[in-house]
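Here is the structure we will look at.
Note that the chains take the letters A, B and C in the order they are written out, and that residue 1 is the start of every chain.
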């Protein structure tokens, strides 16, 4: 099943594309790869999901925030590429968690994003290389920010 | 107008290339991309710009520091490529801010770098994908460090 | 001398491949590049090397931790590629240090990894672009995590 069909089957609703909050493009395609800017966590209502995971937010809330980032990235890719069917595979992601000073479960947080990608693009093409780490601070105190590279067809 | 001409028109003076402070190359070209190492903030006098943005430094000082990193990256690219005219476009940047614990305006800081790139390479080719985030610490307590990928011609 | 021979000459013993601690692949090859997931510091006994460099751990212990990450990355590459001889060059690394709040010597820590890569792949092909920075937190409180991109042959 192709990603666009799979998206429909999963009944996923992609959020609107926010205006870039700085001098950058949400997605740049070059050399057969789509480079996706860091996307931040927003709820279904479009409001930022803020706070430190392991402090202000629970692990489960952090996972949900990471999943929301994934939906925003899918929306940005669909907008840039015309269709998600142009995605060949997820290549690499950098999952950045706004974590409390003693937090240690970053991979479990970013799994919320990674499981979504596996659902949409499949257990092979939807699973990429990844780092899941804790930042000192994130813009607007968002809970999660993720950037990624996808291989795409022309 | 080509980047090298635009650089002259803007009357920008590129700083000298510092000796790498570790076992790395400032720029590696592979697969049609120039991968640029993390460059750190130095003033026009070559001295490191240090301190936490939102604490030791104001937002405006952080922006200036980010712009200085941009000049250093242009210098490194010019040195490696022979001419900036080999740059096809800015693909992706990771802007890393040494931010105070409650700082939230990372995108505005990194815009100092991004606006320079847009000035030199143009509003399309000079604007790439980007993340702008806050680190726990940076080498020598520099205010800003940025790494980037540029698409280049052979 | 080819990397696999060099590895034997150096008498380096590569560690076993740990099971991924999340939804990701250790290495993804796409577009002529091997994208290597963030690998974390483990001792020769397989136990995680944890703690903040410049606090719980000395600079020298941090360097050793970074070298161990390098061995883990070599093991992952060898497993994915069949042989390290398919590596053309190290392109780029992001060295992430779990550093004490006042730590400033991140490049010296990550040199432990970079010197290993130079030993195995040579002073040209084994030295890539790099950033060496300090994170807020890392998974399981590991001392060092490094992700990298290598150019590979088909």
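Operating definition for what follows: a residue touches a chain if its C-beta (ideal position, glycine included) is under 8 Å from a C-beta of that chain, and two chains touch if they have at least 3 such contacts.
Please read these numbers as outputs of a predicted model, since none were measured by experiment.
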item: Superposing rotation of chain A relative to chain B, computed on C-alpha atoms, to nearest 5°; value: 120
item: Self-contact between copies chain A and chain C, residue sets same or different by half; value: different
item: Approximate Å spacing (C-alpha centroids) for the pair chain A, chain C; value: 25
item: Touching two or more other chains - residues of chain B; value: 31, 94, 134-137
item: Footprint of chain C on chain A - complex, ascending; value: 31-33, 88-89, 91-94, 97-108, 110-111, 114-115, 118, 127-137, 149, 151
item: Touch list for chain B against partner chain C, complex; value: 21-28, 30-31, 35-38, 94, 96, 134-141, 145, 147
